[in-house]
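Written below as structure tokens is the structure these notes are about.
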């Protein structure tokens, strides 16, 4: 039963609950017309204590495409709510006006605190470097929709695997499905943290390998998840110069990949995927943005209990 | 006849006109479904020359819950309208786009000037320290809804009674009803201004007493209206230390209050009401926020003439 | 066929295509009720990389009055989209959420670049000092609606004719119609640029005269288009003092104008039109703002292909 629930962390929902959301997303994608008024009379509050236009747009578009409406703020300055008031009081007041709330906050745990005091569902839209569960739902729906399954897949993550909450969440989430293999491509200093290897991968007997260069294993992948590597994160200039091209996906590397491999990226990209790759039918990162809207439509509808 | 009128000051409407608005609010509360499309095709402009998220949300939620739509700005930076253009020109332009306007402005009198030039109803959502008439309507509807009447009441105001426009407006508004008594609780330096005592209370033969400590009279009250007392407003440190706890409402003080006393607060609160009081059924400040939305729904509908 | 097209420059549409838009605008003005749901389920994205409240309001009101909905940002600060992402990626992402986009950008050409990569119609809402095509459409519809025609007119432009993109665009646009004469009123240093005289006026054999004082020729005009003259733009103080009153439209000058001359101004005005003129029925600048909304309604409907 998802009605009235909060979504604070990517693992808050069981595999079955996720399946319920994804199935609804499938239906929405197939017949958007059937869903265009189901949130008629419902109000979403978007509480963005730090700006994130892309995420905000995705939620607002989702609500509008369900026939609902939106109130909100998009940065802290414009929010007197933010001044001298506890999160508890804010969310209780918001609950007087709106039916569901999305919160983005620079402080880890803020949406969780809000959920304790809220009488309406709260969705975490990113709390500091901590969690961003609807990105994970987006990634899962995209894989499920394009590959037709969430099991029996070899998934490569490439780039900064140390600091990326997106990567960590997706590794955890995929680890719940059957026969998943990971190939983790990063420089030494940006490897996946030990606790993820121990508590997630090893604990669940999941096969993985860690490599330094994308070109070495791209041919094995069903999914390639790209993230950015910032120069500042390298310990020394030499390593950066030696390795930087290994974390840029270009046409040449794509030539060695499977015909049905798909490329994902949470966006925005800087230069880690060459523009020439955009034309490749395997480049799915803009489709991914679209699935992001659909999965949020399904999520909102489920938490509101209108579907 | 409220259609086409402006609301600039709390006393702009007669008791009968307020009654008309409150009766509509009652109907909306009872059957919100019946009103969810009455503003279909109507557009509200929210012109916030200074931010006030809570007030803006309340108006926007009100309009959306009537089936209307909203354009607006939430702070002066984002408003080129604000630059080098007279209020007169701005409101005349807004009148080309929208059907009704809400204005919040740091300068006293700005909404009044706008109303002179406007061909659409203008609602003052706060002009400097001057007026905030929809807060007064909110307070009146809340009292009327929960106590079942606006007469024969003993009302306590506690905190800073000198600078609070909310307090002054509500004293004036309640003074129009029968058999009202006020108990005014504040430190010496933050007492209700003389002109209110002379021109409102004494002129209308209204019984009132001024006391320094809330605990001394809380047992007499039907309504306790709390406001914040800022340390900086005290003349000396000694007084502040001696008195500060008298302006904080806690469980202990609540134990001496009537069983059906209600506690109101315009929000946001800082620490003038302890969190422990929130669970007390007499704590009505979040309900008050909800009545604020309903009274704005009724107000908008009346000024637009759709009800 | 306008469906799916972009509007980047004022001359992007042929005279016939403009006629199609203006005819639809006429219908909307006559029977707005018939059009209030035609964009039901459609989403407009307003991408304002610099603030322009008036233009944004006009587009948003237009979309709402067609039954559509709006997502967007109103200034760059609140836009993480703006950070480190190419215009190409931004518009492709927006295309995942919205059905049509309006872009205002401080850099010339940005909306054009966006249109190259966009799978949804892009409307330029102003790119630096370059183009502002919907202002031109507004001006044309206003003239057509009030004068009943776009040919056989003597049009005066008064003020800063050197830097005003609005003036340049309208001269070009009007030059496509029959028997148009221009009277260009400006100080020497703010005359219409040579390339417009050569490439537009002379090339099309259009009659025009350049004069220094409005009072000298106001009696000849069917339309007077006022713009502001900034003191800083004068080369010397003497000229400014000698001429400044010639660029302020007042009652006295209006006395010498034709009974059916109309006064236009893109707004906001500062002091170039005296407030006393507002009451004159020939003052049409607020009507113009209203036509601005109607022409945007027609434009959006045509580009979306819903009419």
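As written, the chains take the letters A, B and C, and residue 1 is the first residue of each chain.
The working rule: contacts are C-beta pairs under 8 Å (C-beta built on N, C-alpha and C of every residue); 3 or more make two chains touch, one makes a residue touch a chain.
Just so it is clear, the model here is predicted, and its values are computed rather than measured.
Chemist: What's the call on chain B versus chain C, same or different interface residues, using the half cut on shared numbers?
Modeler: different
Chemist: How many degrees of rotation map chain A onto its copy chain C on CA atoms, rounded to the nearest 5?
Modeler: 120
Chemist: For chain B and chain C, what's the span in angstrom between their mean Cα positions?
Modeler: Their C-alpha centroids are separated by 42 Å.
Chemist: Multi-chain contacts only, two chains or more: what residues does chain B have there?
Modeler: 69, 77-78
Chemist: What does chain B use to touch chain A in their complex?
Modeler: Per the stated touch rule, the residues are 33, 36, 51-54, 56-58, 60-61, 64-65, 69, 74-75, 77-78, 267-270, 275, 286, 289-290, 292-293.
Chemist: What does chain A use to touch chain B in their complex?
Modeler: For chain A paired with chain B, touching residues are 40-41, 43, 45, 69, 71, 73, 77-85, 88-90, 92-98.
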